[in-house]
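Next up: some structures, all given as structure tokens.
Across the two complexes that follow, chain A remains constant while its partner is chain B and subsequently chain C.
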Partner chain A sequence: MITIDMLCYYSKLRYMNAMEKFTYAMLTLLFCVVSRSLVLAILVLIVNGILTVNKGGIPFSRYRHYLTIPLAFLILSTLAVIVNISRTPLDAFAFQIGSYYLTGSYASLYKGIQMILTALASVSCLYFLSFNTPMTDILSVLKKLHCPDLLVELMLLIYRYIFLLLDISFSISVSQDCRLGNRDFRTSMKSFGAMASVLLIRAMAKSGALYDAMEARCYDGRLLVLDEQYSPKSREIFWIAFFEILLLILTIWSKLR
Partner chain B sequence: MSKKQRKTVAVCAVLALSLGIMPVANAMHIMEGYLPAGFCVVWGVLCVPFLVAGFFSIRNKLSENRRALTILAMSGAFIFVISSLKIPSVTGSCSHMTGTGLGAILFSPSAVSILGIIVLIFQAILLAHGGLTTLGANTFSMAIAGPFLAFAVYQICQKLKVNRKVSIFLAAALGDIFTYCVTSVQLAMAYPSESGGVAASIVKFLGVFAPTQLPLAVIEGLLTVIIVIGLETYAMPELKSIGFIKEQEVR
Partner chain C sequence: MNETPILKAENLYYTYDNEKSHSLNGFSLEISQGKKVAFMGANGSGKSTFFLCCNGINRPYKGTLYYRGKPYDYSRKGLLELRSKVGIIFQDPDSQLFSASVYQEISFGILNLGVSAEEAQKEVEQVIEKLEITPFRHKPTHALSGGQKKQVSIADILVMHPDIIILDEPAAALDPKHTVLVNKIVNQLTQDGITVLMSTHDVNYALEWADEIVLLHKGQVLMHGSPLDVFTNKEMLEQTNLEQPAVLQLFESLCKKGILDASLPLPRNLSTLEGYIENIHTISK
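Then we have the complex of A and B:
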């Protein structure tokens, strides 16, 4: 149903310690965003690609497809950064429209490329985390980091119920399609609205049933679930530390330059 | 072709291309790594008071009635599912609702701020919409600014005795447009234009995203009205249990 969630259960890195993966992804992300250097971005992009595709065993075609998802946003907003409308032409390119110029400078072109690469590198960090770590493991990390219990419980329940509701909405939309419910704009608006309202009604009914079931199993305000622990390996910690120190040096170097 | 004709064709081609490369308009999530570190922190800090208020309002509600926990969880899952489903669109592009306007009207804007940040985390991790470093900025625009405005508009319209359907439409559509404006301002502040500074940059970002976001806001408004009509027809008890309809209003 949700491809990323399905793939992360197949990942070969799934049984690695979740805290290690979380720390690695977050630190790398931090260095990417703070340094905004081209060298670092390219390095991170390559390393994360190798980790996710070779070590994790995620099919390359999927990985490439997911990297292109944010592209529409990227192209549009970078366009807004690069292109200026002014009375005076800038140095890189200029198209005349009446008395104005559609123009850009080399500095902003460089900035645009920097933005695109940094963004792609950061997305690869996020993908490393989400393609290799099931949501329940991420939640156990959050719990260890002393995120309030209420929030973690809410996230756990929401995560479980996303799939239930998606399943209901999927079967409703299949039967709407069968009955020509989406044949033009008008009917598809009507169908979507009907589906969404039925979804909320079903969700409320399920939530009542869920509470009754929890109460029957002695729910007293705390949800306790067992989570599996995979012990961290010293070799992995060494390589993560090595890579992060390398990124730190690169970051300092790019800031001093 | 004359020079003028050629220019016209070129302009049309550019327009067609720029509309053609927008198959995924992800309701304006700022993507991972797009904002400089300073802005990530500032927007994150700005969200904190709202989130704390939301957290306490949820906790108080839970201490009154523990059953509210599963209802809140279901509402969160509902907002996530609604915002991940493809909605019908005029241009043939694939677009999504924000769902937060509906959430703010049905539940309360302070609860939606907490549910919104959870939904945004899930969207980042499970669907690759938005990101973890830009979580603060996205939360501010989509889970705080949009819902609070939608709720305010709805309340004002109710006070002025505007037709309920019209007020729901206005609330959802204006909430959506406001989200899009706030996102543009956030982007513009991070990347001010070389000629004209932040103000010029705001205009540019608004202009670039307008073709997808304005029709989307109208569609979101219409859909929200249809959903609420459906709920009022079939789900009176549920609407009462979440506090959307007061007892005396029904009669």
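Then we have the complex of A and C:
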């Protein structure tokens, strides 16, 4: 199983109403992006951290690990905003290289930190959703939001097939390893190509077999399935509403400032 | 009483490669309601092809299939009606399970029958309870073991309340514990009066479980009869790459050695044979 997928199935917040979690994550993400406020971003990071680690039971080390993945990209891309090469030094820092300076201003430094924190807070909203909500629940929310059936059904099948094809590719890869198929770069490339072609053929065969199996159960062009419903709790709705109103006030305050 | 067979195949021909070779080659068979029928034969003998024909997935290019005396109607409506009565459980559950949620997966078939969501919910809950799926109902299908996947694939069909259930090698790739569990479920089905057609290579299980055995060879029915008739016909067994069940081999050997009386009825399971041996022991005392 893919780790993120496994985590959401073991999360203590898994059985919380999916629409509540989706609404919370999306509204919070929206406020993060709209406000670009440092205070709001820090608040969201802390709250999402508490919700995911303390309430959801996701190990802190895992959560930290997943947050550092975008952090590395963010720092690298923000460097372009913070660091300038100029003939005149700016106010925050300046390193002389010949007749040029590697320099940055307090304003750009602030902008860079603001960008990093806003992006991290936004990512934490998505992590909250993906660490605590199984894909099938997210798809049922999308269905309720009148997302086109074709799209939702495609996502459902793709999600299922990711795991099937991963299993097949893993067993092919093991069997190639057993026969020294990845001995050097040349054989690795050859083995990878062979695996890709076999995977394509298997995917086609599996899709044919799946279609037959669905037809055998009276499939008539629409994937009709029941979703397990976890009823929303008024206490949870109250706290979500409270937090979102707080974020709204912070957003207005940051814009009026 | 001459009852109409629930399923009848009359001289079926089916090919996967433009008539170069025939997977079904003049296949004829009658199956009565409520019977437990084991289909046996070497790989490629036509078992799975026939099963797909029964469900209307494969359409024979020659010959006719009848359900309760009526020839198959291959119109969209006719096929939907047929598939609501004849359910098939595929050999590889990964080819059958399309959803990551066990609950969604099981609800698919019954909702396709046009049942209301409330009723479908009730039925799904019942089948989950009946097939002991509750402990793993919240797991995603890709995290289930082979045996659990098989349980879910049986539930998929059972929830639709078919008259006939076809199981294509239900114990394939299962460990002994899950094989026992699947066999227990199959026994439940037959107790409920459902006609069960099952392909298997397990001669011991077939002898004990089945009412009838169908031996297939090169797309034709080689022999159709009671388990004891079929499994005592060594010539037919040899043609289909099958061995005699262990219990019959042991009985024959004990009779040859004079330990057991050859006039005793043929045992269908080890406990019957054990009873015979126990009786000798008691008499000799």
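Just so we're on the same page, the second predicted complex is superposed on the first by the 253 of 257 C-alpha atoms of A that agree within 3 Å, B and C clash if a C-alpha of one lies under 4 Å from a C-alpha of the other, contacts with A are read in each partner's own complex, and residues count from 1 in each chain.
By definition in this document, a contact is a pair of C-beta atoms (placed from the backbone, for glycine too) under 8 Å apart; a residue touches a chain by one contact, two chains touch by 3 or more.
Please read these numbers as outputs of a predicted model, since none were measured by experiment.
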For this session: Answer with first, second, both or neither: which of chain B and chain C does A:I42 touch in the superposed model?
Result: neither
For this session: Would you sort A:D5 into first (chain B), second (chain C), both or neither based on which partner it touches?
Result: both
For this session: Please indicate which partner A:I50 is in contact with in the superposed arrangement: first for chain B, second for chain C, both, or neither.
Result: neither
For this session: Classify the contacts of A:F192 with the two partner chains as first (chain B alone), second (chain C alone), both, or neither.
Result: first
For this session: Kindly classify A:Y159 by the partners it touches after superposition: chain B alone (first), chain C alone (second), both, or neither?
Result: both
Exercise. Does the superposition put A:Y66 against chain B (first), chain C (second), both, or neither?
Worked result: first
Exercise. After lining up the shared chain so the two structures overlap, which partner does A:S108 touch, if you call chain B first and chain C second: first, second, both or neither?
Worked result: first
Problem set entry | chain A residues touched - chain C or chain B, whichever exceeds | B
Exercise. Taking the superposition as given, does A:M135 touch the first partner, chain B, the second, chain C, both, or neither?
Worked result: both
For this session: Using the superposition on chain A described above, determine whether A:A121 touches chain B (first), chain C (second), both, or neither.
Result: first
Seminar exercise, completed: Footprint intersection on chain A (chain B / chain C) at 5, 135, 157, 159, 164, 206, 210, 214
Seminar exercise, completed: So, in the complex, the side of chain B touching chain A is made of residues 18, 21-26, 29-37, 40, 55, 58-59, 62, 66-67, 69-78, 80-82, 84-85, 87-88, 90, 106, 114-115, 118-119, 121-122, 124-128, 131-133, 187, 191, 193-196, 200-201, 204-205, 207-209, 219, 222-223, 225-231, 234-235, 238, 241-242
Seminar exercise, completed: So, in the complex, the side of chain C touching chain A is made of residues 52, 55, 57, 76, 80, 83-84, 87-88, 90, 92, 94-101, 103-105, 107-109, 111-113, 117, 120-121, 124, 138-143, 156-157, 160
Problem set entry | Sites on chain A touched by chain B in the complex | 2, 4-5, 26, 29-30, 32-34, 36, 66, 69-70, 72-77, 79-81, 83-86, 88, 90, 105, 107-108, 111, 115, 118-123, 125-127, 129-130, 135, 138, 148, 150-151, 153-155, 157-159, 161-162, 164-166, 169, 173, 182, 185, 188-190, 192-194, 196-201, 203-204, 206-208, 210-211, 214, 221
Exercise. Across the complex, what residues on chain A touch chain C?
Worked result: 1, 5-6, 9, 14, 134-136, 156-157, 159-160, 163-164, 167, 206, 209-210, 212-220, 223-228
